[in-house]
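Okay, here's the structure, questions in a sec.
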Amino acid sequence: MHLADEKIKEFLREDVGYGDITSAALVPMDQRAAAHLYYREPGVASGLEEAALVFTVLGCVARQLVPDGSRVEAEQTLLEVRGPARALLTGERTALNIVCRMAGIASQTAEAVRRAASVNPLVRVAATRKTAPGLRDLDKKAVEHGGGDPHRFRLDDCVLIKDNHLELVPSITEAVQRARRLVSFTKKIEVEVRTLAEAEEAARAGAEIIMFDNMPPKAIKETLGSLDERGLREGRVFEASGGVTLDNIAEYAASGVDVISLGSLTHSVRSLDVKLEIEMM
Amino acid sequence: MHLADEKIKEFLREDVGYGDITSAALVPMDQRAAAHLYYREPGVASGLEEAALVFTVLGCVARQLVPDGSRVEAEQTLLEVRGPARALLTGERTALNIVCRMAGIASQTAEAVRRAASVNPLVRVAATRKTAPGLRDLDKKAVEHGGGDPHRFRLDDCVLIKDNHLELVPSITEAVQRARRLVSFTKKIEVEVRTLAEAEEAARAGAEIIMFDNMPPKAIKETLGSLDERGLREGRVFEASGGVTLDNIAEYAASGVDVISLGSLTHSVRSLDVKLEIEMM
Amino acid sequence: MHLADEKIKEFLREDVGYGDITSAALVPMDQRAAAHLYYREPGVASGLEEAALVFTVLGCVARQLVPDGSRVEAEQTLLEVRGPARALLTGERTALNIVCRMAGIASQTAEAVRRAASVNPLVRVAATRKTAPGLRDLDKKAVEHGGGDPHRFRLDDCVLIKDNHLELVPSITEAVQRARRLVSFTKKIEVEVRTLAEAEEAARAGAEIIMFDNMPPKAIKETLGSLDERGLREGRVFEASGGVTLDNIAEYAASGVDVISLGSLTHSVRSLDVKLEIEMM
Amino acid sequence: MHLADEKIKEFLREDVGYGDITSAALVPMDQRAAAHLYYREPGVASGLEEAALVFTVLGCVARQLVPDGSRVEAEQTLLEVRGPARALLTGERTALNIVCRMAGIASQTAEAVRRAASVNPLVRVAATRKTAPGLRDLDKKAVEHGGGDPHRFRLDDCVLIKDNHLELVPSITEAVQRARRLVSFTKKIEVEVRTLAEAEEAARAGAEIIMFDNMPPKAIKETLGSLDERGLREGRVFEASGGVTLDNIAEYAASGVDVISLGSLTHSVRSLDVKLEIEMM
Amino acid sequence: MHLADEKIKEFLREDVGYGDITSAALVPMDQRAAAHLYYREPGVASGLEEAALVFTVLGCVARQLVPDGSRVEAEQTLLEVRGPARALLTGERTALNIVCRMAGIASQTAEAVRRAASVNPLVRVAATRKTAPGLRDLDKKAVEHGGGDPHRFRLDDCVLIKDNHLELVPSITEAVQRARRLVSFTKKIEVEVRTLAEAEEAARAGAEIIMFDNMPPKAIKETLGSLDERGLREGRVFEASGGVTLDNIAEYAASGVDVISLGSLTHSVRSLDVKLEIEMM
Amino acid sequence: MHLADEKIKEFLREDVGYGDITSAALVPMDQRAAAHLYYREPGVASGLEEAALVFTVLGCVARQLVPDGSRVEAEQTLLEVRGPARALLTGERTALNIVCRMAGIASQTAEAVRRAASVNPLVRVAATRKTAPGLRDLDKKAVEHGGGDPHRFRLDDCVLIKDNHLELVPSITEAVQRARRLVSFTKKIEVEVRTLAEAEEAARAGAEIIMFDNMPPKAIKETLGSLDERGLREGRVFEASGGVTLDNIAEYAASGVDVISLGSLTHSVRSLDVKLEIEMM
């Protein structure tokens, strides 16, 4: 039994339907097989736990050789599976679809982290809520495997005040105060800003996190400098968001922010090249 | 009521959790708002029906201005929504996550179709089963909106005989015959081949679809020529799969195949740049 | 773990409710029992895998002695179960309800196949989509255990053009062409016809399957003859549907069709007489 | 909104899959249609409420002309539906599968009631728990539409002491007493008996219902006479079960029992001949 | 596998969300731990089976030392668990929330039973349908563990005629007769009364259970006396309901009723003081 | 459509089963009724939105007269419902079970807030995760209606370091640092402490929230004083938890903490006395 069984079964049912008609016709019921899963390019292990579960649900025995989150080589065996040949063939695509996506996210995140860290080892690379519908948990998990920060899981676990909210409230100060009063003390408050004035107001109002929305690295750097001068830098988390790519992430890292978030980590995933090699026994 | 409600509600619950704590704190319960959704780049409409459903579930009124599958301009209004401001803010991310992915798939598919058709107007561009887990239906729908062919929905709706299967059967001929005998007559039989000899055997055995697996366009062209000479081209569907990209798809189209399938259409999606602009009323 | 757990649990919960109050009151918690399941009449094994799962879910150990699809004798032990007496009594009705229906379908199908094959050993006996709501998979599986063809699983796995569709399209030819163009190349196209002219048009248009709808065997035979003369018989599948019963199926088999489909295989099932004999230990 | 939505949607999804590919290809999206549903033989209305819900879920407007449970003529219109032609075609099979089964059960039950009542107008015809898995509620509802008694819904709503239970308890008396003590006072206690002695013991022990299990009508009549002489007939319900058919039900009715139960009402259903006639508009 | 898995998983997911972020950060993945569960006050064991299942789902091994329903001492070990430390910490709150509530209900019920039985050892203490939404089964089970009677599980397992129903029917007699005619013979009929005249009418009409609604113990005693004189006491169950508390339950017990029901057993639960002590290994 | 439909339907199905057999037998199908819901004691409105949804699902029209969270009088009408009499009777218990619990929680919370605020108007009264399984969202919502703080929704939305965690880490300082490094920057970090030394270490380590676990008000006051002297009071949230009751909450409020949390708000709920008065029309 496993808490995530239902989700894995849902994925399998989606791909299998009434049955793998090809394997049922061509593979003897008692034919056994073994398989090993590996990447065809270097990357970060992710989704192996779920892939193992896919095969377990189908009656195979799966052994994960490397913990998710490890950096792995091309051709390195990551997962071994044994069981009925039909089950291996039936689960192959579902397992690969999970690993290809998660490995893609984890590896891309690791690359973003590497580039940012090369400039500023303390900066954190974060994801956003721009995940594939229904895959929030797997997408965020993969980001963590890649060394990234998952950021908010849901609308309910951190306050994030955006321009749409600010239209309805007299000021940032008032907005932060209302949130402080009406939202649980267990939640942090983040405010999106576009100028130094807004950042300053948010900082003074007590926002724990201040997000520079679509501001270029240079402007961020200056703003942080001004805030520092006013004693408003310390004790607060500053996040850069909007327009960040793998190509310019180092510039953002150099700007002095604490966190850089990229929607592309999860909304524009390049699938990793992953292979399940099946051998009949 | 709508057959897809549950899925949409599942997506919403995933993003919302116990509630949009920010909007609940800052937006008056009776504040009304209007929103319009548009792309910030040209593309193909997709996911608008689902996005409308997101807002309907939350108690808004949504009007879709353009049918999914239409080619649309940057900045063109595609969906209008009216309702409680809290509902619009709460549904925003879920709706956008759906549209960004589907629009990305549809637009990328349309581009693949355009490139292939420029060489061979009759060739069909197809997806594969390499979709995001849980999103098979939306991913395939988006492919169709882009003018592509969804290919197999599941393991149960078409026979596809691969090398793993062939290891267990004396010959392609025998494999096709077994499938013909044991699988419903309502299903087509497709066989993966790598050489002319295999293609010829599959054709003679009665396979309705023959897939050239990882064969370069030139080899495909020659193979098709040889099959034609032997009277084995007519009445069968030939598919090229493996290694196809937007860059080389025209070469595959020129090879004379009927179908070109690309896993990347759904496994490596570039999110389209989509915006929901909300105005308080 | 098993992919079909949830369905089996749903069936059990439906029958059990909050608990088997009779057994809870009269059977000691640690009382063990053994049971064996058998038919009281000869037939075809079907539903044994699901019955075993019922008892496994309830904490028993079940051993299936005969594969589903085998022809079995009256009184032959098909399944052995051991476990807590309460569990055996609680699962009895659910297991039997599954087996009685599936065994009934499989055995009736086998009889239809026997009668058709006595005249034409190559003819295929097929089911329809007239299954009990929620039981499509089990009903179709039972048909296959009886040697029948499941036919379409769903509306999405084969095109079937009926008179209602033809009302909206200029001609059968046009209908087949549109379906060919708009539906995935992985799907076959079937057309319902009532006359030779329609059959001829469907065949020339490229329909892979042609269904004679409610045509008497004699008319079918003549039509097939005429099609053969015109070179339209070969390479196509012809199906007889409507009005077929166990009594007249041999006549249909003699008409020369490839497939005979009967809704009654699944819509009017006679439950087989199945018994679970429980012994206290 | 409707409490049974989810079940109806589950039935639809089972039949539709990713979509009605035939109608999507051939029927224009804005084509409207009307349909009416009728029986092709006389019977009892049943399943109309659920059929209406099928079409409502798909966006049609359905009007039920006759309440479920009414006796209806062949060709009488029972349900009218209007809506998108695609929706009508998509929902047709699901709606018919529900009505065919429920109408079959209701009509067969009504016939059993008629035959029993012709001899003994007070006797009650009851179903059993031998229903199709997952369809307990619809099957029992159909029995009630036909004028029958649903009997136990589940294992938790009435005690029924069978021979398997009696093996584990010293006597019927002891069994009834234990059940009385350990089961809620809101539940009736029924005991299966095979002889006068057992019936007498059950009656004296306080069983509210006594079931004659597989006893011929003559033996039942004699037993009831003997019980009456001993003052044990009055105030108890006597049920005949096992071996009852439409052919011999009148004999059971003549035996003087209060209730006659038949598993065949729900385990061996003959589908009624029902038609949905669709007209394009 | 276990029939109640899904519910337990639902409870866990509700409490855990995407993960126990604290334990994931601080507890090494391979750290093992053991735990034992005990009450900090004497009471009745309840919910231990479910608590064990919580930990089993999370991959631990749980051993229940005492059957639910046993009277247990403060500090007595009731459940032992071993497994990954993370799993124990993650499941702690869910397991405790179940046990605290069920133990509270069971223990309070046992106290009510003790007080009632001190006056009348035969009287039954019953719950009502006033349970926490979604917890009907666990709440009723806990009542039974405490020696109480669960009363109706649902609206479908016993007829209960209340004043709202009587407004629509000419008389109690007529109401009972209609229920007798229209409801399955397997269900008992209970009538709520407020006066001797109503009780007499209900008894003569054949109600199996008569509930004195909000009548003081003295009035109940007199009414039962009068019914006894008229020969209407014997063979019927009399229930007192409304206004019963732990303080006055003995007076109701002394009134001679067969059943005393208290909504407070399940609607106003005092959580028992339960502790899970975790030791790292 | 409504995001919470499924939960409400689950609650209804739990109470209704196959149907309200009493109302079906006694209430004509076309009988209409009206109902109004009120408290029989003063309190805080809560659960009205969900109660309205119960009746909407059953086909009634419900109008909420007072927003949840309002203070209301005894006998004040809070909800009006109109619809089929059967539907009102069927939904009554489910609606009341929801409102009784939520109103009980909200009203008890409001009383706790009143007592705490009488001493310290700025102190916040918070719930815990000790909610009824499956009812986390409704329980927390009710706490908010009563003016309380919901505290953590789940294990994933705030770090809370307890003694079990500290056993595995060298020091509080190290634990906070690890959490800071390994958990998303969007989460706050709370530490449970028992002494001034621990509190001081937690504060210096950067914990945003410090919980005094089972410390008496006097000790808390002294500790806060000492922390203040060391400049560690400002900018941190201090919470008192463990052993707080309505009787001593004012003392805790006087101790100077920012938050006082009580498990009893949700684990030991006294149901409010709520009535649904139904009138036939």
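For reference, chains read A, B, C, D, E and F in written order, and residue numbers begin at 1 within each chain.
Note that contacts are C-beta pairs under 8 Å (C-beta built on N, C-alpha and C of every residue); 3 or more make two chains touch, one makes a residue touch a chain.
Everything quoted here is computed from the prediction, not taken from an experiment.
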Original post:
Between copies chain B and chain D, are the contact residues mostly the same numbers or mostly different, with half as the line?
Top reply: different
Original post:
Which chain's mean C-alpha position is the greatest distance from chain B's?
Top reply: E
Original post:
At what distance in angstrom does the C-alpha mean of chain F lie from that of chain E?
Top reply: 23
Original post:
Can you give the whole-Å distance between the Cα centres of chain C and chain E?
Top reply: 45
**OP:** Mind checking the centre-to-centre distance between chain D and chain E? Centres are C-alpha means, answer in whole Å.
**Re:** 32
Original post:
What are the residue numbers in chain D that touch two or more other chains?
Top reply: 1-2, 5-6, 16-18, 136, 150, 153, 156-157, 184, 187
Original post:
In graph terms, nodes being chains and edges touches, is this line, ring, star, complete or other?
Top reply: other
Original post:
Which pairs of chains touch each other?
Top reply: A-B, A-C, A-E, A-F, B-C, B-D, B-F, C-D, C-E, D-E, D-F, E-F
**OP:** Please name which positions on chain A make contact with chain B in the complex.
**Re:** 7, 10-11, 14-28, 31, 85, 89-90, 93-94, 96-98, 100-101, 104, 129-136, 138, 153-157, 159-162, 164-165, 167-169, 175, 178-179, 181-184, 187, 263-264, 267-271, 278, 280
Subject >> chain D to chain B touching residues, read off their complex >> reply: 1-2, 5-6, 9, 12-13, 16-18, 29, 56-59
Original post:
Across the complex, what residues on chain D touch chain E?
Top reply: 124, 126, 149-153, 156-158, 184-188, 190, 208-209, 235, 237, 239, 258-259
Subject >> Complex contact set, residues of chain A against chain E >> reply: 1-3, 5-6, 67, 136-137, 140, 150, 153
